[in-house]
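Got some structures for you, see below.
Across the two complexes that follow, chain A remains constant while its partner is chain B and subsequently chain C.
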Partner chain A sequence: MASTEELLEAYAEWRGRSNGNPRLTSMVRGWDRVIHFTTVDTEQGFTMRVAGQQLSELTVGHEGQPDVVVSGSSEDFCDMFWGDLNPSEKYMSGEITLLGSQQDVMRIDAISMVAFLDS
Partner chain B sequence: MTDSTTALSSRATLRRALGLRTVVTTSTGLAFAALEYLAAAGLVVYVAGDSAWIPIVVAGALALLAYAFFGELNGMFPTAAAIRLYMKRAMDDRVALTITLTYLTTIVLVIASDAFIVGSALAHAFGEPAWVASIWIVGLLTIAVVTNLRGITVAGLLQDVATTVVIAATLAIGVLALVRSGHGLHTPLQPLRGHHPGDFLEAVALGVFLYSAFEWVTTSAEEVRKPASIQRGMLIAIGILCVVCAVATVAMSHTLSHHELTSAYPQLYLGIAALGHSGLWVMAAVTAVTALNTFNGGFITASRFIYGTAREGSLPRQLAQLNSRAVPWVPVVALGVLSAAVALVVALTHGWQVVVAVGAALEGMIYGVAGFCAVRLRARAPDVPRPFRVRGLRVLGPLGMVLFGALAVLASVSVQDKFDPAPLVIILVAGALSAFYVLRVLPGIKEREAARRAARPRRRPGR
Partner chain C sequence: MSEHVRECEVVVVGAGYSGLAAARHLVRAGVDTLVLDARHRVGGRSFTEVSEAGYTVDRGGQWIGPTQDHLAALAAELGVATFPTFTEGQGVELRDGNRHLYVGLIPTSDPEGAADGIACMLHLDLAAFDVPVDAPWDAADAAARDAQTLATYLDSHLTSASARAILEVAVKAIFGTGSGELSLLFSLFYLHAGGGLTNLARTTGGAQERRFAGGSQQLAEGMAAELAERVLLGAPVESVTYDADHVTVGARVVPPGADPADPAAAHHGLRVRARRAILAMAPALCGRLDFSPPLPGNRDQLGQRMPMGAVTKIHAFYDEPFWRADGLNGQIVAPGSILESAFDNSPDDASHGAIVGFIAGDDCRRMEAAGPAARQAAVLDDLARAFGPRARTPVEVVEQHWPAEPFTRGGPVAISSPGALTALGPALRRPVGPLHWAGTETATQWCGYLDGALSAGLRAADEVLHALQGEPVGLD
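For the complex of A and B:
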């Protein structure tokens, strides 16, 4: 199980890569969304916002009305934020579950893919 | 809080969630492609007089069987990736992937057929020569590809309106054509009169095709406000499709000549039978609107599925490339090009009834496979929660497998009530190509991907 600190550190890495990637910022143009992450093992909630082509800091707890809800293990989230895990594989195997429109789900997967594409 | 209650409360708070109405219109709209009119007209030749409603009702009962299978499977795996999840749990993944890739052929065929039918209908309505239909086909598919690449999708409300217009107009035109014909129905209760019982089964196989794709709405499972809406919506959609298809088909058999029934636009003649020349324009417009649902649903479903499968590592990575609008552009362009090629071949060969037969056979196959998966998972995954549990699956499952399997075989060797192995050949070629890819190409792709990953150090500190 990953701790809250580990998750926040991993997300900070993800956020930095995403916000510094011109291709990704272009991809999320006009896509302002609230995303809730729920860890099924530690039963914690986190909130991420996308606004003005930038990913916000990850806040602990569920805030606001979500467009997408992503549920998975804290380890999987940590690995995903570090770019060590392909979330699509976990999604296709049912280990990561999502609620939300297919278009929104695609964007989240796009962020996780493009953020680590060049490395 | 349990997982399921967490999921429910999360759904309830989603900012954009689909209600039952949109589920019903999505399910109905996906099934009611322009190809529906040709399949309905094609079904008429297999039964006597105006009794075509009977195989449609029988097919509706079979669709209920398919609904039960998909309902249980979707309840277990309420996700857009459900087909991959339940198939790979129920059978060898190589077999599952081969079947899934073969099934994708149906989507290409439906998109291609719709482009051909809409193109032909518009060319006819505008009094243009038949070859102009090819320009319409390429034009329509180009528009579909460009709008998809730009990330433009049909919003839920627009989809609700479009489907309602198509269904209501088809029903009204069918009823009007019957009323204005001025004479009673011929042998409405004797489908076998002058026909072989095998013809009736053939008609049922085509009838099943009229309902096909209603189950694609299960890919919206993650977007609905209440999970049960998917099952309810599919059930209501089957009821709507049964009534509309029965009325339209009987109206066609009652008012159209053999030449009109075997044309590429029987629905236009039905419009004329109902409302004269203005009816032609009504049905031309309705046909064009059906394309909105087919192109939107077909392109999105297929391209996102291909993208997901490529990201999972089961298709080449190039298929997961995204454009600046986060659209998987390679699958979208490939679908467009492939659909255009198939549509042009159909236009040149006038082989739309072959496409109908291929579609009917593949749908029969996938419904049989769904039955197999539902039965197999009862043994392999007994503990997975089943919010929608089919009663008597031990009997209904094998029954569905046999019935759908038999209908698939029948549909694959018959075109326009004559023996014709062309549909079977097309399916076998698609199946062989899929199997070749899965058995010979995919292992290499997976090996290279594994090597690429092994060569890359983990980024997470301390791991």
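For the complex of A and C:
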């Protein structure tokens, strides 16, 4: 189980890598979205936004109407943000779930995989 | 040879999923319908057999995935259970003489290449979702996209050679042909119809998610059982004579046990006179029938420009799925090998092991001349590289070389060469007099798949119902 501080720290690192990755920024061109994360173990909510090809900071709590809801354990989110976990494995096993339109889910899936591979 | 004559309201040519779905819909609406099929079986490109060693083999289409709602509804109606494709563990990538293990959608031994491939798949899918599935020829830049191949697109959007090779494997598995033969516009349409390349390539959450317990042909048999004597097998159709209001289909009727492809085996001729006909066959096969009057030029050209893909489906059966004990899920991605893609195809209870693989495109064509023994030896070599020496000694190998199948002539689907869709696409579903077109190639959702075959059959049946009621058929 990861603490809120650990999760925010891991995300900040992931965000820094992602926003500086031309391949990733090209994948979010014209894709401005609100994404909610829900930790199923600590039952916490987080919000991130994609706007202008950049990922926002992660804020605690669910804010705004989400386009995609990502649910999983705090530990898996931390590992994914640190680049230690292949997110595809967790999607396939159902341990991380994505809820949203098919195209939004497809985009999150691809972005998280590229972030992992480029980490 | 004597000739028999039958009359009905609608004659359906082809007892695959599409033709049977159409006929069932019509019969349920009270329309006198007769289905003819050349083979002594129903199912078309869905073909389940029990092998000599006693294994149930799906020789053709076999998977069901999310959003294949027509297929799911039919399975539920007929009480045919499904079970998940085995995906636990790691896949094997064979490339450049090396063996790597991976988890997920795409091999990751070259992370840079994998990231390049995933980004390209996303951009390709996003482009696909902009192509209207009911009229791809109306897409933005349709002419420009139809003038290039999928290969051109991949070559210009990928920087990594490994990603290019892996995506080519996916393309060949999906279309049964290489990207150099595929119109980009057609490819985008096809991907959109199936929810995107990512969706089509996936097992869990995608097109290969589940299988039918006991095989996919049961669903065709279930539909045929409802139609009973309205399905006539061993009746290869040879001619279609039509005017504005009637159609006469000429067939030869072959007794059970005789080869339907052998004209000398015919017992008698059959002429079926009807008000409407549904041709539930791939466009290229429709073009082999003798139409009188001849079909409009564009419809015939369409058949000439939509050739079948080329695929050999091979099963290797073992006493047990021994690769699972090594933490492997049975999936293989092997660019440049004969067996470029494979899956664990063992039964749900794992009472024996089965790997199913595909030899596709030019590999399939090249290996035709080599023959079954050479094909199987090459496949076992690849399986041994992936799973170790035990893979060399299967209990049985069963192959289905679809291009040699006289009444299918390839698979899994007809593809569209550059330029064909924009010039001829509107002819794909447009009725010609009393002739209506079904088959998975005419589907707008899950084109090329069993689900698309069903929806295409239902759409054609609805057209016929409208036409029989004197209503105009709205198309295009």
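Criterion: the second predicted complex is superposed on the first by the 116 of 119 C-alpha atoms of A that agree within 3 Å, B and C clash if a C-alpha of one lies under 4 Å from a C-alpha of the other, contacts with A are read in each partner's own complex, and residues count from 1 in each chain.
Going forward, a residue touches a chain if its C-beta (ideal position, glycine included) is under 8 Å from a C-beta of that chain, and two chains touch if they have at least 3 such contacts.
Everything numeric in this text was worked out from a predicted model, so none of it was measured.
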item	value
Chain B versus chain C as contact partner of A:40, first or second or both or neither	first
Chain B versus chain C as contact partner of A:92, first or second or both or neither	both
Contacts of A:114 with chain B and chain C, given as first, second, both or neither	both
Superposed model, chain A: greater residue contact from chain B or chain C	B
First, second, both or neither for A:26, with chain B first and chain C second	both
Chain A positions touched by chain B in one structure and by chain C in the second	23, 26-27, 86, 88-89, 91-92, 102-103, 106-107, 109-110, 113-114
Chain C contact footprint on chain A (complex, rising order)	23, 26-27, 86, 88-89, 91-92, 102-103, 106-107, 109-110, 113-114, 117-118
Of all residues in chain C, those that touch chain A in their complex	87, 103-106, 108, 111-112, 114-116, 118-119, 121-123, 125-126, 129, 195-196, 198-199, 203-205
Footprint of chain A on chain B - complex, ascending	1, 3, 6-7, 10-11, 13-16, 77, 79-81, 84-85, 151, 153, 219-220, 222-223, 300, 304, 307-309, 311-313, 320, 322, 324-326, 328, 458-460, 463
Chain B partner contacts - residues on chain A that touch it in the complex	10, 13, 23, 26-28, 31, 34, 36, 38, 40, 43, 65-67, 69, 71, 78-79, 82-84, 86, 88-89, 91-94, 97-103, 105-107, 109-110, 113-114, 116, 119
